[in-house]
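Both of the next two complexes hold subunit A, though its partner changes from subunit B to subunit C.
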Partner chain A sequence: MSVESTIAIFLNTVETLLPADMTVAALVQAEAADQPVAVALNQQVLPKRLWASTKLQRQDQVLLFQLVAGG
Partner chain B sequence: MPIIDKMAPGQAAAMMTAPHWSQHGLTPQPLSDHEFLYFSRQLLLPDWSEARQLRLKHSRVLIIGIGGLGCPTASYLAAAGVGELWLADGDQVELSNLPRQILFQQSDLGQNKAQAAARRLQQQNPFVHCKTLPQQLAESELRTLLPKVDLVIDCTDNQHSKLLLNKLCQQMHQSWIGATATAYQGYSWLLHPGQGCLHCLGQDVPLAIGGCLTQGAYAPLLAQLASQLVSTALDLLLQQAPGQNQLQLYQHAQRQFIRCTFTADPLCPICGVSKQEAKDVR
Partner chain C sequence: MLQLAGHSFSSRLLLGSGKFASPELMQAAVTESGSQLVTLALKRLKPGEKSLDLVAPLQQAGVQLLPNTSGAANAREAVFAAELARELLQTNLLKLEIHPDPRYLMPDPEATLQAARQLVKLGFVVLPYCSPDPVLCLRLQEAGCAAVMPLGSAIGSNQGLQNRAMLEIIIEQAKVPVIVDAGIGQPSHACDALEMGASAVLVNTAIATAADPVRAAYAFKLAVAAGLAARQARCATPLRQASATSPVDALMAYLR
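And now, the complex of A and B:
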């Protein structure tokens, strides 16, 4: 993978290199396929319906977290 | 990118219903000397006042779920001077609850949680009045209860209850707060109607079965989430809460919370529909 074809984002605060045209849906598929997760992009919760149409940008801060129900 | 609805300062307060006591034309009595002394350290805070303390005294909060989140939440709300707590839980106190559900002790084992918590709260706090609802609240009961309280707090341990409250608070145009945690994962929220909701978050998907029963519970996380709930509850009751929906997400690796806002999904079947209905009414 050439340098030009990648971007650096922060995934759960850790700097991570990804393909330049990667969508949020593809990232979720790669990191947490079939798991109940939610995504916050640059400190905004991103509804699941928008994952496929949202392309990641350089320096994006992505929080990928497990949905839970306990208390 | 979708547009986030933002409210002007004070608009969130306007969305909160008038305190239940003022709806009946009642005027609160001044604090007694005993109350002044009891709450003196809070009254010494630079932005606190007797008027604030009175507002809390005449507030009514419904806490649903009196477990690892609900116990510390109820305890600190009572200690802050919230006058009336309605406690709802259909479960009984079990031995495995005691390390983190701080209102219970060995002698409460087998007792209903709402009733045991009410007894302890009233022993510890001379000015709180507790009403107990020793059952899992059905939708029809919630529809009756929600308009009677100044705030509802979700401290339940199951997805069904959280989604039900999410739907009803949207339909009834009520701001609400809640939290959830399993093992080292957890988050709390402040949700105003029409600005994104638990459905937008994705909370409606099937979750891992068992929750705390199979994955464990981290008491310091529950306590921190409860502190956030209490802080936000006081802000809401005192009409100082942020006007934007918020999620506070725990990151265990860093032992810290990250604050996020919500992106409202206009096609969300819960808050999107509610928002459209609100426009239609206008």
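And now, the complex of A and C:
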């Protein structure tokens, strides 16, 4: 039996292939290392303390947000 | 002191961080302005796009960060943006703004009031950007907002206080601080707002897009301090006729 090695999620609305079992923490590290971001998983804000324990599932919708200048 | 829920600020000048040519210039202007409260916005991260670090220079400048909900078109989006901002900055302070119309960026009063009620229940210190409408400002105050932020004129328009009469009523009725936001284009506009009794002003475009933003920040700092001092001094009110400041009788009476 083969082990599925990748899953497809939607990262900021773009379909993206990721290693299976990837956590949100690992995704943030890969996409936005060293900059402060907030994460929404399936339209819910995901607190930082849950990133390491949250494994991404097939078809998950992940949005990453950053701070920018604004009035 | 400007009191916003449990937070106290000696400066009456809030700054927006948008439109500066560089983070360094923004940091220098913030420092020069004496502001202690600076707004930031949220944006979806574009993978691969290198972003400028704004938080570190602002934190080095020792200011409290005030995230806004700009980009939200309705109450639901504003509450979502607020929760993201709280997660990112670990602050309950929030500038609520909902302005779906891109031409005039006028705040949606119904959506703003609806979002304000929800956000107060969620524990946010809500500072709503709103129309200069005295009834709306009372409703926002009743909803538990920590301040109201009526606009002087359209965002970035530099037109100053185009609704003086309404702002005067808002200030008279308010039990929470009134922070005049948007449209303040000159230091004299900021001074005017403080003289009228506003607790503070929020300035962005006028400073950020000045030829010399640091000098402009200094000018606004002085203007806000002057307006506050004038208010505290209870300077004389206008009269319909002259009132002599020098003796006008007796000196040359023998010539008449």
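By definition in this document, the second predicted complex is superposed on the first by the 66 of 71 C-alpha atoms of A that agree within 3 Å, B and C clash if a C-alpha of one lies under 4 Å from a C-alpha of the other, contacts with A are read in each partner's own complex, and residues count from 1 in each chain.
In the analysis below, a residue touches a chain if its C-beta (ideal position, glycine included) is under 8 Å from a C-beta of that chain, and two chains touch if they have at least 3 such contacts.
Every value quoted in this text rests on a predicted model; they were computed, and no experiment measured them.
J.: Give one word, clash or fit, describing how subunit B and subunit C relate on subunit A after superposing.
T.: clash
J.: Now for A:Ala40: first (subunit B), second (subunit C), both, or neither, which partner does it touch?
T.: both
J.: Which partner chains sit in contact with A:Leu11 here, subunit B, subunit C, both or neither? Use first/second/both/neither.
T.: second
J.: Once the shared chain is lined up, is A:Met22 touching subunit B (first), subunit C (second), both, or neither of them?
T.: In the superposition, A:Met22 contacts neither subunit B nor subunit C.
J.: Now for A:Glu31: first (subunit B), second (subunit C), both, or neither, which partner does it touch?
T.: second
J.: When the two structures are overlaid on chain A, which partner does A:Leu50 contact: first (subunit B), second (subunit C), both, or neither?
T.: first
J.: Pick one for A:Leu64: touches subunit B only (first), subunit C only (second), both, or neither.
T.: In the superposition, A:Leu64 contacts subunit C only.
J.: Identify the residues of subunit A that lie in both the subunit B contact region and the subunit C contact region.
T.: The answer is residues 12, 36-38, 40, 43, 45, 47-48, 63, 65-71 of subunit A.
J.: Residues of subunit B touching subunit A in their complex?
T.: 1-2, 4, 65, 67-70, 155-159, 162, 179-183, 185-187, 196, 200-203, 205-208, 211-212, 215, 217, 222, 247, 249, 251, 253-254, 258-263, 265, 267-268
J.: Applying the document's contact rule, which stretches of subunit C touch subunit A when the two form their complex?
T.: 16-20, 26, 39-47, 51-55, 67-68, 70, 80, 83-85, 87-89, 155-156, 202, 204-205
J.: Mind listing the subunit A positions that touch subunit B in their complex?
T.: 12-13, 36-38, 40, 43-50, 54, 63, 65-71
J.: Contact residues on subunit A for subunit C in the complex?
T.: Subunit A residues touching subunit C: 11-12, 14, 31-32, 35-40, 43, 45, 47-48, 63-71.
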